[in-house]
Amino acid sequence: MSRHSLVRFGVSIEHDLINKFDRYIGRAGYGTRSEALRDLIRAKLVEEGIQDPKAAATGVLSLVYDHHQRELEDHLTGLQHDHHEQIISTTHVHLDHHNCLEVILLKGSAGEIRDIGAALASFKGVKHSSLNLTTTREL
Amino acid sequence: MSRHSLVRFGVSIEHDLINKFDRYIGRAGYGTRSEALRDLIRAKLVEEGIQDPKAAATGVLSLVYDHHQRELEDHLTGLQHDHHEQIISTTHVHLDHHNCLEVILLKGSAGEIRDIGAALASFKGVKHSSLNLTTTREL
Amino acid sequence: MSRHSLVRFGVSIEHDLINKFDRYIGRAGYGTRSEALRDLIRAKLVEEGIQDPKAAATGVLSLVYDHHQRELEDHLTGLQHDHHEQIISTTHVHLDHHNCLEVILLKGSAGEIRDIGAALASFKGVKHSSLNLTTTREL
Amino acid sequence: MSRHSLVRFGVSIEHDLINKFDRYIGRAGYGTRSEALRDLIRAKLVEEGIQDPKAAATGVLSLVYDHHQRELEDHLTGLQHDHHEQIISTTHVHLDHHNCLEVILLKGSAGEIRDIGAALASFKGVKHSSLNLTTTREL
């Protein structure tokens, strides 16, 4: 049996709860209950998986920074080169006169990605940062 | 059909994903897949439900504070009396020489509960606060 | 110098940012900038602190469950007795015809508290659970 | 006074708390207390700001999907064209034999971005999604 072949099984859910879930499925735009349940299961497994610092992970780091801040771009570039094995790509957007958005895609262990994210976030001039971690092991 | 009677239906999930979910079910201690799926569904519906400031909700507010802080207890008590319709009960624990934990149970709209929580959290001497909101509408 | 004596130091913040922060301070009801900053610092330290499974922590576990569910209350009570060293107190609220709220206060390592919370949450009949963890080491 | 000119003021913090904060500053790599405090303030303001569905926001949406899923790429592309005013750019990464990562940068109101994110996440074949929202109004 291939890892992607479908397994079919029966589930029992209270009348009232499945009605509410069906309305959620409609709002969210899912085609079937199975699809919506698969997404809930995967989200739970990923949430658990990224707790492990050694888990193979993908990170999307968003940094908003002031490009008038001298030397920041050099520092950001330098640190990215130090971690070139983990950094897949960078996308840069000019948000307004002062602010740039830099989105950095990373691959590595969850722990490594968190450390690189913290180092980049603490540079002077970086105003806001957020990191999304996903593990593909569970997907 | 009563709102609590069970509805049974079939679900299709990839072989690989259901294997991982079964291991999660074992770790978490669930008896059946249906039980674990019901919990995922309810958690999702509650997460959505509490976005609505008018949703009927239950709140559990935890405050850690320094009981040496003069007048704080009077302020906390005063504000709780102003909201006696929303406050169900209070549990007080002496954590150590300096710190007390006060857990306040609230009932009302999600918006009201958030406002009361913010007001209590900002008192001088309150060192840490966190609020758990649940809506029973979805449960 | 006592651990609670105040240290005074200067901070530089952009004109625009401190204006926005002052409006936040007003909305949230803080008396001074120092108080609001102390709360931000403590929240950050606690957020970091509870990552460590060995950190001394306090937990507030909220469970919503159906009291018609046979044997659930026995199971909940049994598991709580198995962990009587960690469980400080329990508060029980009748929410509506079907639903009860049980708020359990725990003390122990962050890891222990998470494990007990997961075990209680997975009982059949427990519909929703959430756990607030605080470390007092940082407060 | 320009919006970016610095305002200097005094802050009082307990001896014990500022010691712990200084250790955090060291771990995180900040140069000065002021920089670390500015980041805490901005994070708090952004957290508040994105609650408002009308706030001008930037979103970074990460989708992991199975590129063997027929028609998914057409659907993703179609929906992105329907929202071309909000979508700034897209970066695509081949994670492994089955999984692709697509990172979509969006600009618009916080509410619009959340709706587009939910619509893309519910497509059949999208296995995991997460959305980072930032408001630049507070930065």
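Read from first to last, the chains carry the letters A, B, C and D; within each, the first residue is number 1.
To be clear about the criterion, a residue touches a chain if its C-beta (ideal position, glycine included) is under 8 Å from a C-beta of that chain, and two chains touch if they have at least 3 such contacts.
What you are looking at is a predicted structure, and each value in this text was computed from that prediction instead of being measured.
Colleague: Among the other chains, which touch chain A and chain D together?
Modeller: Touching chain A as well as chain D, we find no chain at all.
Colleague: Can you compute the centre-to-centre distance for chain A and chain C, using the mean CA position of each chain? Integer Å is fine.
Modeller: 26
Colleague: Find every residue in chain B that makes contact with two or more other chains and list them.
Modeller: 4, 38, 42
Colleague: Is the way these chains touch best called a line, a ring, a star, complete, or other?
Modeller: ring
Colleague: Residue numbers of chain A touching chain D in their complex, please.
Modeller: It is residues 4, 28-31, 35-36, 38-39, 42-43, 46, 58, 60, 62, 64, 88-89, 91, 93, 95-96, 98-99, 101, 103, 105, 107, 118-119, 121-124, 126-128, 130, 132, 134, 136, 139 of chain A that touch chain D.
Colleague: Can you list the chain D residues touching chain C in their complex?
Modeller: 1-18, 20-21, 24, 33-34, 37-38, 40-42, 44-45, 48, 138
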